[in-house]
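Structure, as C-alpha cells:
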Amino acid sequence: MSIEYTSSEMMTVTAARALENGMTCFVGIGLPSEAANLARLTHAPDVVLIYESGTLQTKPDVLPLSIGDGELAESALTTVAVPEMFRYWLQGGKISVGFLGTAQIDRYANLNTTLIGDYHDPKVRLPGGGGAPEIATNAGEVFITLKHSKRAFVKDVDFVTTLGFGRDGKGRDGVPNIGKGPTRVITDLCVMKPDPETKELTVVSLHPGVSREDVIEATGWEIRFAGELESTPEPSAKELDILRELKARTERQHAGE
Amino acid sequence: MAEFLSLHDAVARYVEDGATVAMEGFTHLIPFAAGHEVIRQKKRDLTLIRMTPDLIYDQLIGAGCAKKVIFSWGGNPGVGSLHRLRDAVEKGWPRRIEILEHSHAAMACAFEAGAAGLPLAVLRGYVGSELPNVNDQIKFIECPFTGERLAAVPAVRPDVSIVHAQKADRKGNVLVEGIVGVQKEAVLAAARSIVTVEEIVEDMTAEPDYHPNACIIPGWAIDAIAVAEKGALPSYAHGYYPRNNRFYKEWDAIARDRDAFTAWIEENVMNAGGNA
Amino acid sequence: MAEFLSLHDAVARYVEDGATVAMEGFTHLIPFAAGHEVIRQKKRDLTLIRMTPDLIYDQLIGAGCAKKVIFSWGGNPGVGSLHRLRDAVEKGWPRRIEILEHSHAAMACAFEAGAAGLPLAVLRGYVGSELPNVNDQIKFIECPFTGERLAAVPAVRPDVSIVHAQKADRKGNVLVEGIVGVQKEAVLAAARSIVTVEEIVEDMTAEPDYHPNACIIPGWAIDAIAVAEKGALPSYAHGYYPRNNRFYKEWDAIARDRDAFTAWIEENVMNAGGNA
Amino acid sequence: MSIEYTSSEMMTVTAARALENGMTCFVGIGLPSEAANLARLTHAPDVVLIYESGTLQTKPDVLPLSIGDGELAESALTTVAVPEMFRYWLQGGKISVGFLGTAQIDRYANLNTTLIGDYHDPKVRLPGGGGAPEIATNAGEVFITLKHSKRAFVKDVDFVTTLGFGRDGKGRDGVPNIGKGPTRVITDLCVMKPDPETKELTVVSLHPGVSREDVIEATGWEIRFAGELESTPEPSAKELDILRELKARTERQHAGE
C-alpha cells in the first residue's frame, strides 16, 4: 500500500469501523470520541452519539476537549439534565454500545481509572470512575480503545473501577439486566476480543506491519492469539483525509481562546 | 426568596467554615467567580461536592479551603490530572484531604434524590466495581418486587449550593440553558443556594427566547443572586461566551508546581478584588 | 427506529389483545384519535394504565376494551364522574373490570422508574393512606442510611405506550411542548410506542421555535409515528387548538346512559373511519 | 352590612384569605383553585400557585376546568414534567401549603375521595386519590375547603384516601419528614381547626348569620366549638367584585368550544 498512516490513525480508523449506522453510542472523551465522530463522518452517518453531559444525538464539527463542550450542545438534537441522561437513556436501556477509554485494563477487560498503587496510599491518583462503571454494565455492549503498552495492559488491574468480566472472568454470570460487556478492545497494534468461554482477552486481528512479538512485548500478561488470526484492513485514503481534517479543525479551534 | 446581593456578601453570608458545599456546572457554567470569592474569603474545612471537580476545585484545594472532596471524576478534561488534587491526596499539601468517590450515575442520582427530598437514591449501579470497597456510603438493597440487588447511595443535601446561570429576572427567577447538568438539582437539594448570573433582565417570561418548558428555577427556591459577568470563565456560558480551552491547557503547567500555583492564586484571585 | 405508519396500521401492529397499554397525556395532548382506533379495531382484555383516566378511558371501558385499569384519578375533570368507569366497576357493564389504584405521586414515580429501567420507584408516600390496604403492589422499604420507612411501587413498563404530540420531523424526532405530563416517560418505559402528531416538519432543530432543552423524543426511541390532525380533541394541543370544554361537559349526559353512550360510539367512532 | 353575598362566596373569600403573600400553594382543582386565584387577585399578588400538571407559578386569567388547562401552562413561569412536579417540588419540600377539596372528611380531617361503601362493592365510586395523599403529607400544611353537609362531614370516613390525623388523631405522631397536616377547614358555614391536643376538628369561627345549630345539623358527629368562638369577617365589596368577575370570565370561556 502506498498510503502512509500512523499507528494512532490505524487505531482510530479501526475503532471507528466497529460502529455501525443506527447504533446509539454513549461516547467517552478522548480516543472514543475521535473514533465515534470519524464513524459518523464516514460510513455511519446515522450513528447516534450521546455524551454524558446530556447531549443527545450530537454532531460536533470539531472534537470536544471536554465531555461538555458548547459544540456538543449546539449540534445536539436536544440536551437533557445529567440525572436524566444516566437514568432514562443509559440505565433505561437505550444505549447499544458504550465506547470507553481507560488507563489500565487487565486480561478480563476490567478497567482501572481510579489509581495506581494502593487505594489509601496511591502512587498515582487517576481521575476516577466518571460514567464508566454504569456505561459498562448498562449499555448493550462495550468497545474499548487505548494505546498498547505494558503499563496499560496488566494481568490484574490495581483497582476494578469498571467491570469487564471480573477478576475471574465470571463477573457478569447470573447478573440480571446486565449488558454483554466488552466485546472488543482496539489498540494501536491489534484488535482483541474476549474468549467466548473464559472471557480472557484474545488477539483476533493484528494491524498491518505488527507482529505477534510486538503485541506480546506490549502486554503485561501472556497474551493469547486466536487460531485464525486476521490482518486488520488498512485505513482508506478517504478515512485518513476525514480524520486528519477533523483533527486539524479541532486543533485550530482549541488553540484559540 | 432570592435576595440580590454582591458576590462578596452572598459568599460571606452563606458559606461557613466547615460547610458542605456543592459548586455545580457540568463542564458548562462552572461558577469560577464564586469559587474565587470563596478562596479570597479564606473559607476553611469545606466538604466540597461536585461530579467533575475540575480547575475550580483544584484551585480551592490548592488554596487550602477543602478538607474533603466528594466526586465522581476529577481531572482537567481533555488535558490530564488535577495536580493540586493529586498533591493533596498523594502528599498532603497544603493539607491532607479526604476523598469519597462515586460514579457519575450514582452522583447524578444522589443529586436527583436530594432535590426530590429523599434520603437515598436507588440505581442499577456499581455492579462488579470495587468502588463499594472503598466508599462505605455505597450500599445495596433488594427490590421487594423482583428481588434484584440494586445500589443505594445517600442523597446529596449540601448546606449550600453555588451555580452559575445565564440570567435572572427582577423576581429572582433564573434561566439555565444548554448543558444544564445537575444545577437545578444542586439548588433544590441544598439548604441554601447562591446563583451567579451573567445579567439581570426584567421578566423572564417576556424574554424573546422564552420557552414554556425552559429550565427556570423560581426565585422563591433560591436564597441569593449575584451578578458575575463572565463568572464562568474559563468555562463557558451557552449563548454568551465560549470556553477558554487554552487556559485549561495552560493550567496544567501552573498547577504542577506549588510555587507557580501560589503565585497564580495571589495574582489572579487574592489581589483581583471581586474581578476574578 | 420510528416508522411512519397510518394510525390504523400502527394500532393493528402494536396493540394486541391482552396487552398492557398506557395512553398518556396529563389533561393535555390526550391521544383520543388513537384511542378511537383501538375501539374501532375491537381490541379486548387490555390492561389500561393512565394517571388520569378521563373521557378516553371512559370510552374504551364502555366499549368493552378493558379488563383492568391502573390509575390514580379517574374522573371527568371539573365535571364529575366517569359514568362508564363507574358502571363497569359498580355494575359490571359491559364487563366487570379490575381496578388497581395509586396516588399521582406514586404513578408519576412509577412511570419515571419505568423510563429509568428500574424495577421499582421509591417515594415518601402513602403515609397514613388506606390505599396500601387495597393495592398489594404498594410495599414499604427501609432506607439503609436513615432507617426511614419509604413507599415502593413497581415501575410502569407497558407493552405499548401511546401518546400524542405536536410534531415530528422526517427522522421521527418528536416534540412535546407545554404540559408534558409523563409522556416522555411513558414512551421510554414501554416495550413499544406509538406517537400520533399534529404535523410532520422537515427537521426539528431547524424549526423557528427550536430550543436547546426542548422536550424532544428521538426517533430511534419510538416505534411508530402516525399523523392524526386534531388527534387530541376534545383535549387540546398547546400551540394548535384549545380544549373543547363544552364537549367535556356534554359527555356527562352521554356517558350516564348506556344507550346514549353506545349510540355515540357507533356514530362518532365505529362509523367515523379514521376521522374520529 | 348592605353587601349581599352567597354562602359559597363567603366560603371562597374566607378560604382565599387563608393564603398569604409569598406562600407556595399546591392547588387542587375546583373550590381550592377558585380560592387560591382569588387570593392572588386580591391581597396576595405574589402567592405562588402550583398545579400538579407541572405548571409552576401560574397566573390563569380564568379558572381552569381541569388541572391541566392550557391557560395554566400559558401563564406559568415554566412547566415541568409531572414526575418532577411530585418529586422535586412537592416531595422536595418546596410547598408551604397544599389546598385540597374532598368528598368526605371526618373528625380527624382524614379525607375520602375513593369511594362510598365497601371497597370491593362500592355504593359510589369516586375519582380516587390523585395528588392528595402526598400533598397532605409532604406540604408544610394543608387547607381544606368544601361545602358543609352531613354526607360530607362524617364521623369516620369510609376510606382514608388521604391522611388528616389518622383514625385516632395520632396518625402523624413520630412520622419523620411529615408536614403539619390540615390546619384549617373552611366551609360555607364556618372555619374549623384541629384541636391542638386531640386533633379533632373544632369550629373556631362561624360565618355571619350562621348559628351553632346550623353547623351541628350539617355535621355527622358531635362537633365541638372553641371556647372563644369568632365571627368570620364578611367579604369586602372588592373581593366580591373580583370573585364575580373571575367566575363570569371563566363561564364565558368554558361555554365556548
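The letters A, B, C and D name the chains in turn, as written, and every chain counts its residues from 1.
We take it that contacts are C-beta pairs under 8 Å (C-beta built on N, C-alpha and C of every residue); 3 or more make two chains touch, one makes a residue touch a chain.
Everything numeric here is computed off the predicted structure, so don't read it as measured data.
Touch-path distance (fewest steps) from chain A to chain D is 2. Per-chain CA centroids place chain C at a distance of 28 Å from chain D. Annotation: 38 Å between the Cα-based centres of chain B and chain C. Residue positions of chain A touching 2 or more other chains: 73-74, 79-80, 87, 91, 138, 177.
Shown for chain B are the residues that touch two or more other chains, namely 112, 117-118, 123-124, 146, 148, 178, 180, 184-185, 212-215, 238. All chain pairs that touch, listed by label, are A-B, A-C, B-C, B-D, C-D. Chain D contributes residues 29-30, 52-55, 64-70, 72-74, 79-83, 85-87, 90-91, 110, 114, 119, 122, 124-134, 137-138, 159-163, 166, 171-172, 175-178, 253-257 to its touches with chain C in the complex. Taken together, the chain A residues at the contact with chain C in this complex read 22, 24, 48, 56-57, 73-74, 76-80, 87-88, 91-94, 138, 177.
Chain C makes touch with chain B in their complex at residues 117-120, 122-124, 137, 139, 141, 143-146, 148, 150, 152, 154, 177-178, 180, 209, 211-215, 238. The touching residues of chain B, when paired with chain A in their complex, are 26-28, 51-52, 71-75, 77-79, 81-82, 85-86, 89-90, 101-106, 108-109, 111-112, 123-131, 133-134, 146, 148, 178-182, 184-185, 215, 236, 238, 242-249. Listed in rising order, the residues of chain C touching chain A in the complex are 1, 112, 115-118, 173, 184-185, 188-189, 204-205, 212-216, 218, 220-221.
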